[in-house]
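Next come two complexes built around subunit A: one with subunit B, the other with subunit C.
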Partner chain A sequence: MRRWLRRYAALIRAAWLVDLQYRAAIAIWMLWNVTEPAIALGIWWSIAGEGAVQGFDRAEFARYFFGVALVNQLALAWDAWYIDRWIREGEMNFRLVRPIKPVHEAVADNIAYKLRTASVVLLVWILAALVWPPARLPFAPGRWALFALAALLAAAIRFLNGYATGLLAFWTTRATALMELQFGVALFLSGRLAPLALLPPAVARAAHLLWFPYVLAFPVEVLTGAVTTPAAYLRGFAGQAVWLLVWWAAYRAVWTHGIRRYGAVGG
Partner chain B sequence: MTRPRPLERLRATARVLGALWRVNVVEELQYRANFVASLLGTLFWMAMALLTLALFFRHTTRLGGWDYWEVVALLGVFNALTGVIEAVLRPGIGELADEVRSGRLDLILVRPVDAQLYASFRRLDLWRLADVALGLGLAAYAVVRLGRPPSPAGVVAFLVTLGAAVAVVYAIWVALMSLAFWFVAVENLSVLFDAVYEAARYPVSAYPGALRFLFVYLVPIAWTTTVPAAALTGRLRPLGALAAAAVGAAALLLSRLLWRAALRRYTSAGG
Partner chain C sequence: MAAAIVAERLSKIYRVKVRDPGLRGALAALLHPRYREVRAVQDVSFEVARGEIVAFLGPNGAGKTTTLKMLTGLLYPSAGSARVAGFRPWDGGPEFKRRIALVLGNKQQLLWDLPPEETFQLNQAIYGVPPADYRARRDELVRLLDLADVMDKPVRQLSLGERMKCELAAALLHRPEILFLDEPTLGLDVTAQEAIRGFLCAYRERHGATILLTSHYMADVTALASRVLIINRGRLLYDGALQALVARMAHTKRLELVLGDGVTREQLAAFGTVREFRFPNAVLEVPREEATAASARLLAAIPIVDLSIQDPAIEDVIRRAFAEGP
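Now for the complex of A and B:
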């Protein structure tokens, strides 16, 4: 355990220092990440007008999409694109000879990057809340603690989901297309475009059979206070636990089988 | 060495670009599977965009004063412009930031052609032109469903404003890429464009006041999709089309001035 802590500390520190060189580029990526929720908020804001859309008024939309921006930043999954390139161009080779599995480096990269960027998003939210009342959350430390747990699980699920999908590059050259497909469907099913309550009920029900709501909508709703009953909390966290296990198992399976097929192209 | 006269230089540039495009086309024809993949990708994202609109219109009858088929027409314009961007601008001028950083821009500057034109239009990704056709097709279908076919003058206004839209999009790319001359270390400047252009999916009138001001005057994406779609659906007055033409011309002029100012900062790299 101590050994793993030391390893992770070293990996995270290294990733943090690498990121430090790319501050301007990271700022641009962040801007890109917040545009989508900002645009969605702008549109819903004008649709809601002075009234409400199925109970969502302007302030509620504002809180929801600030939450989306934050959870999105925490649960970003970019690894599939790197893995795809490493496998195709043979860059996976020198990662494989290291004494630690490539997945640990990826986890450390994720932690370093998200500590940096999500804290910026949070800071912007706090500043916005100071001048703009709709963005304010009621003071509820207990709920924030539950949110932290839900966001962590969401990030873990999406990480494993992205990593496992990326590893399909051992078999196909279109692994990233599968990521795009999920990203597109998630626009609706994970609540990126609108709170799930505004989707047609059948679509919302179907979404809850998949992992999408658990990687975005659930943590956001915990934060904004839309999850109220203990039963709803239980359902949400249970769903996250199940999908975490499913994607962890998928990652294990794809990794062990894929690595045996790996032909180590390039050099 | 005597410098060639401007007109001859322009002709030489056009000849070189024509030859480059022919080579690109021949190259791409080898990869027909890419065409299918690209087409499927475009159709998928178009479907997502239409579903997005369907969701918004479940809860409203108008978006910024536009009804459903009007916004679909706008979406068609958005897709057509995306095709131009992906086929020509991103593989061409979109590479500029990287070339400034690595010093490879030298290789363009020493050629006896107009460097801005060459850097901007050197590549043509043939398959992405299908996006232009699909986008215009969607816009045409929306206009039919709208039941308000544009008058001949309306078609002219649409073509003028669409030309102006391409000019504005191009100028935004030049402006963003020119940032590389000042901030050399930023390698993903093209993502800035994606961030800004996302907002052009909807009519500017659908945004709150401050954003609308931003999109009309500061980051002029209002001129890229809202105005041509307005011309197509008969919302635009003739004066609007003239204003768009003026904005397009101003955008081209500004891009030229900016390019010159930026080149003066270029000191090459390495060596």
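Now for the complex of A and C:
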């Protein structure tokens, strides 16, 4: 256990040191990640006007999209692009001769990046809430704890989803295209552009058959207080647990079979 | 003592998609994909004893790197088996990986934007090297590889030679028993090549490491390896001492001459094949068994200032071995 803590500490430290070299790029990625919910908020803000859209007033939209910005930052998954490059350009080689699986480097990278960027988003939210009442959340430690769990599960699902998709590069050169397709679908089905309650009922029902709502809408709704009943909590966490297992199994299967096909491209 | 590396009838067959050029070819490949089998390595068997340095020689695409990748567990073989440090490489797990190191001349593990020390520290944690051992090994490697001046520079600002030395240091901090080096001197200038060779010899002396390396540079082979494996088109053609190969393949000897006044090319041609003639220097090639007699006749017949009998250049011997088989 201590050995693993030391390994993770070293991997996270290295990731932070590398990130420091790319300060501007990271600031731009972060900006993009908060721009999208800011635009969505702007649109819904003007549609809601002084009234409400299916029960959502301006303050509720504001809390929802601040939540989207935070959860999106916490659960962001870019790994498919890295893994695809590692496999196609032979950068997997030295990672495979180390005594730890490459997935640990990716997990540590995620922890490093998210600790830093999510804390910035959180800070911005706190500053905004100080001057702008609609962005404020009630003080509810129990709910925040449940939110932390939901956000952690969301991050784990998206990570495994992205990592397993990236590993498809063992078979195809189009792994990243598959990831982009999922991004496009997630725009609607995860609640990035609108709360799921505003989608046509059939679309919302279809969304809940997939993992998308569990990686964004559910944690956001836990945070904003939209999830109220124990049954709703149970449904949400059960959905997260199921999709975590599904993507874990997918990762295991793709890794075990893919590694046997690896061509170890390049020197 | 058990061999460090044992390869038994290792084979690797790749299935490669083939397509004709142009848009029509791309469409056809989409609708009816065609595949071709490429036999990268076929039935390769050899053993390497502990502490031995063996060089893998072969032209591009011969199967050297593929063999190395199978022995380090990166690739699963299509057939055959191997044992490296007592493990089956492709399912040896962390215990196996702690005993080996792989250095690829054209792919690096160093963190590009940070000084090399950061990669060293990362590897210390990954391999679980105790701090006191880490410091001692790092200091030894820094001294042997002359890295003191580059330790605080970002890797991206280092020269190719400095980067390769740092790659070696990063790969050796966990003190592997067996080193696999793929083109470790690729693209380096002569001084850097010599520094790497000197280091590898010194490292082997100190720690008894087994080294299997591939190289295009004959100087690497003559300086480091007592034994060579020659591979071409996936098949092992020769396994043995370099000198024995030279003796077997070289059917001729070179008489290197410094000529006295007035000797012409035509006069020399009567004694053998004139390979070079730039008065007063000349090189004459004669059948191996006639070298001594031909020298005596030359010295008696024409004015010669100096004469030496040499084996042909190793590069020529190897080139012939690739072409004809040893």
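Observations, loosely collected:
By our rule, the second predicted complex is superposed on the first by the 267 of 267 C-alpha atoms of A that agree within 3 Å, B and C clash if a C-alpha of one lies under 4 Å from a C-alpha of the other, contacts with A are read in each partner's own complex, and residues count from 1 in each chain.
Heads up, the rule we're going with is that contacts are C-beta pairs under 8 Å (C-beta built on N, C-alpha and C of every residue); 3 or more make two chains touch, one makes a residue touch a chain.
Source: prediction; values computed, not measured.
After superposition on subunit A, the partners subunit B and subunit C are seen to fit next to each other with no clash. Contacts of A:Ile47 after superposition on the shared chain: subunit B is touched, whereas subunit C is not.
Once both structures are fitted onto chain A, a short way to say it is that subunit B and subunit C open up an angle of 80° at subunit A, using Cα centres and rounding to the nearest 10. Touch criterion met: A:Arg98 reaches subunit C, while subunit B stays clear of it. Residue contacts after overlaying the shared chain place A:His257 against neither subunit B nor subunit C.
In the superposition on chain A, contact is made by A:Ile39 with subunit B only, not with subunit C. Of the two partner chains, subunit B is the only one touched by A:Pro200; subunit C is not.
Across the superposed structures, the minimum distance from subunit B to subunit C, using CA atoms, reads 5 Å. Under the contact criterion defined above, the residues of subunit A that touch both subunit B in one complex and subunit C in the other are 21-22. Those residues of subunit A that touch subunit B in the complex are listed here as 21-22, 24-25, 28-29, 31-32, 35-36, 39, 42-43, 45-47, 53-54, 174, 177, 180-181, 184, 187-188, 193-194, 198-200. Against subunit C, in their complex, subunit A makes its touches with residues 3, 6-7, 9-11, 14, 17-18, 21-22, 90-91, 93-94, 96-100, 259-260, 262-264, 266-267. Residues 37, 41, 44-45, 48, 51-52, 55-56, 58-60, 63-64, 183, 185-189, 191-192, 194-196, 198-199, 201-202, 206-208, 211 of subunit B are the ones touching subunit A in the complex. Subunit C meets subunit A in the complex at residues 14, 65, 69, 72-76, 93-95, 97-98, 100-102, 104-109, 111, 113-114, 118-119, 121-122, 124-128, 182-183.
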